[in-house]
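Labels run A, B, C and D following the written order; every chain starts at residue 1.
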Amino acid sequence: MFVIGMHGPEIASTVRAGQFVNLGWSPGPLLRRPFSVYRSDGEHIEVVLNAVGTGTAQLLGMDIGEHVSCLGPLGRGFEIRPGIRTAVLISGGLGVAPMPLAARDARQAGAHVTWVHGARTAVELCSETEGDEVIWATDDGTEGSRGTVVAAAPQAEVVLACGPNRMLAAVAERWPEAQVAVETYMGCGTGVCLGCAVPLKRGGYDRACREGPVYRAADIDWGALPSHLSYAVTR
Amino acid sequence: MFVIGMHGPEIASTVRAGQFVNLGWSPGPLLRRPFSVYRSDGEHIEVVLNAVGTGTAQLLGMDIGEHVSCLGPLGRGFEIRPGIRTAVLISGGLGVAPMPLAARDARQAGAHVTWVHGARTAVELCSETEGDEVIWATDDGTEGSRGTVVAAAPQAEVVLACGPNRMLAAVAERWPEAQVAVETYMGCGTGVCLGCAVPLKRGGYDRACREGPVYRAADIDWGALPSHLSYAVTR
Amino acid sequence: MTPDLSVAVGALKLRGPVLAASGTFGYGTEVPLLERRSLGAMVSKGIFLRPREGTAPPRIAETPGGMLNAIGLQGPGADALVRDYAPQWADWDFPVLVNINGESASEYGELAARLDGVPGIAGFEINISCPNVEQGGLYFGNDPRAAAAVTEAVRRRTKLPVWVKLTPMVSDIGVIARAVETAGADALCAINTFVGMSIDLNSYLPRLSFRTGGLSGPAIRPLAVHLAHQAARAVRIPVIGIGGIARAEDALEFLVAGCSAVQVGTATFVNPNAIAEVHDGISAFLESRGLTSLADLPRYLPRD
Amino acid sequence: MTPDLSVAVGALKLRGPVLAASGTFGYGTEVPLLERRSLGAMVSKGIFLRPREGTAPPRIAETPGGMLNAIGLQGPGADALVRDYAPQWADWDFPVLVNINGESASEYGELAARLDGVPGIAGFEINISCPNVEQGGLYFGNDPRAAAAVTEAVRRRTKLPVWVKLTPMVSDIGVIARAVETAGADALCAINTFVGMSIDLNSYLPRLSFRTGGLSGPAIRPLAVHLAHQAARAVRIPVIGIGGIARAEDALEFLVAGCSAVQVGTATFVNPNAIAEVHDGISAFLESRGLTSLADLPRYLPRD
């Protein structure tokens, strides 16, 4: 996993955990690419990524000082009310992205924060250790407990999760009230194209880029949400 | 004008004056861009260019060490027989490109070489001084003689010219036997697409990338050869 | 002096020739940061009489220089449009046209009647790239008679400007253009998206849940310029060019090719300021050529 | 073990599914550096019975992800083809088909008769994207009856494989596909270029001297995949996919969508080794999925 830092004071000072930015550059692919904000201080933001396809490969090929057009902060982030006592952050693969900000906010809200990292195998695990406690889980048991990240997670008052949609569906089974950040393809990131449709249990579709990307787990019709987005494949 | 050097020993050791290379890079425009070989030693070749449009702007934005796919040497260069006594090289704007190699070959062939540079105005003139004698001409008289490069050129046994097609048409009027390197749009550069059609006096079309880009001036139907290619506009 | 960019599209006077294309600007209320100062007009997201859920995701896929979409005309229906959006539009300083859709000619007519006279609605753009349910699902836009029938059905129910948005996948766009002109269209919009497909090599299935989608973006621009030009040659009413416009030069290609105005779609996704930049770029271009108004731009429009 | 990539297109056995598209590989003799080892077959530049000069320059223009061309079917005519190229082809280890063109159905037939039985010519690809001079210049490819008439005219004059290359700018490609299948085509090639236009803002005229040109390249791929898929659903004969293929993944989209083979065109201009790379990439893909032959590739081809 690689981290790209950008100078962007307006975004850095207003972004909330779980919100994203939509990045565009030239020459690049036609559409922008959405990335969760990974860290921010007053002046800079960071995103975390892997070279998955053309877009991410080009981003990682850039040199220090090159310009990227950055639209944001976009979407609705995690809701972390003051006074909570325990929070569990569950991340699979690149789902670590929104978690450092979530950990910061949850601790500020007074919670004891446990971060549970999951991946297929040890080398894909993220070594991030924000929060009070860190738990590891790998499908093949090469690091931490063997099995899913959902099984490895302890109980908590607030559960925040991000990762492949398949993993989030498992989170929804165990914690219907969990807040999950979903992945969809996005056309605009600003609410005008309706490309980022998230199927809802009550029928109809929401826009991941406006009403989401963070949802109450129980609100999503998981069977109708694509789990095979090429970039959701953990690598 | 900017010079880009490339490591390409096979091309460098075989290229002849007036031949070109077809450059491609990623991410770049769909089609390759043809460039005359400007200089070569045993290992490297150079091309000379200005930022005219997307392709040239991207090339000039590259960093040392980046890779460019280079196809060549392509086309038929100038024919410079041994034993000639005087040669005049006439170049307008970026038409300087094939001239250093042409000057080298003409001097090796035993000729006294005069290079006549033309441009609209002084700042666009190239300061290259290969050969035995250099003459300058500008449309506005800000440097060298005022008027066209064709009027400024002396008589000679062999006349080699490169520049906007409009200038070459004037060369053809004065020296029907001159060898001129024309500009066309090119699809493939390798003779398969027939995109680079050069209209001939005897009827029909030749391929600039195979039978050209160097032609006997009298062979071309100048009225039918586009003179308004966007990149042929001297800047 | 800044050149005069105002244009008249039929009876509708626009302050500039750059419009927002249907489905790419929502209802105009979504994004406060979208620059509106130079917007000639907005065409709202396509709507049916009744609310529609739209298609299941994935709805979009990226392709070289373009994107496929199958949104399925998700929308709130006419009543909600009148209640939630039209009142806002009534306060704006540019006209809003509604992109209308139906499954039969009479449904188009009914929708126009429902929206006619509602403050904030300045006209209609008929989307004829809809399947004609009564005729086995063939597109209205592929058949000159069906296209004319829809146009007439709308024309009879409103005095507002009626634009007809043409389908590109036809063997002779001039035939359709003339048919809807005769049926009473005030202007033509050329063109809507091309049907395309992309395959996911992991699932061995189409990337889009709807299987096919409409291709938009720079990739289609040369096709769109040709079709808009062919439409403009075929009729006397104004033609509005659409397809792959991202920069002023792109818009100018359509304008030189005979269009009165243009719409910008996908480019707004990439650059929320695209419309303003296209507008300003046209202005700068005219100035650089010493032209004082858009009307003076040379056109290439040989009549057959 | 390297997967088996051989395919049968009707009676013609090919060592691989990646073919060179007409007009993008010349007569196969131009470029020694073009990698031929994995070429399934070559379709030669389109030819008429008599020599043709082609159109005046400029003949090509670049567009986003694509290019327009108006070469005007420049070529030496049938006699020179038989004299200069066919003898060379006779020695090659892959079949060469000739792309044939005409101004009337009978001219196509005459050309096929002239070339039939000439050693080195393994079959014909009929280009029906030609204007039908007897019918006022409408394309043969837009009209099922004209397309069928051309196919029959050729079919009657040869026992060699006859492929028909379809025009994309039609409202229902299935209708044309079925018409030429019935008329005796052995395979369909889908698709030829789309008509497009690009305007030069300096001259206010089209960039191409012919005004319009055919759009090829990655830009058209999603449209081509859709049309090839629609053609494949409509007929029982093999369909060869064409349009914007530059990498193995692109070719695989067509193959999964129901095509038996593919042709690579514009990509060869950009990368003279494109065909070999696409071939090798398909092989690597099959291996990575544990498939031992191309025949085992899952297909997405629901029949209507």
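The criterion applied here is as follows: a residue touches a chain if its C-beta (ideal position, glycine included) is under 8 Å from a C-beta of that chain, and two chains touch if they have at least 3 such contacts.
All values reported here derive from a predicted model rather than from experimental measurement.
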{"item": "Neighbouring chains shared between chain C and chain D, ordered by label", "value": "none"}
{"item": "Chain located farthest away, centre of chain B as origin (C-alpha)", "value": "A"}
{"item": "Rounded Å distance, chain B centre to chain C centre (Cα mean)", "value": "46"}
{"item": "Gap in Å, rounded to a whole number, between the CA centres of chain C and chain A", "value": "36"}
{"item": "Chain A and chain B, separation of their C-alpha mean positions in angstrom", "value": "54"}
{"item": "Whole-Å separation of chain centres (CA-atom averages), chain A against chain D", "value": "46"}
{"item": "Chain B residues counted as touching two or more neighbouring chains", "value": "none"}
{"item": "Junction residues of chain D, two or more chains touched", "value": "61, 65-66, 217-218"}
{"item": "Chain contact graph, described as a line, ring, star, complete graph or other shape", "value": "ring"}
{"item": "Complete list of chain pairs which touch one another", "value": "A-B, A-C, B-D, C-D"}
{"item": "Residues on chain C engaged by chain A in the complex (per definition of touch)", "value": "23-26, 30-31, 33-34, 45, 53-62, 65-67, 69, 71, 74, 200, 202-203, 209, 217-218, 266, 268-272"}
{"item": "Chain D-facing residues of chain C, complex", "value": "61, 63-66, 68, 139, 142, 169-172, 194-199, 201, 204-206, 212, 215, 217-223, 225-226, 229, 244, 249, 252-253, 256-257, 285, 298-300"}
{"item": "Residues of chain A that touch chain B when the two form their complex", "value": "27-28, 58, 63"}
{"item": "Sites on chain B touched by chain D in the complex", "value": "24, 29-32, 69, 71, 184-199, 203-205, 210, 224-226, 228-230, 233"}
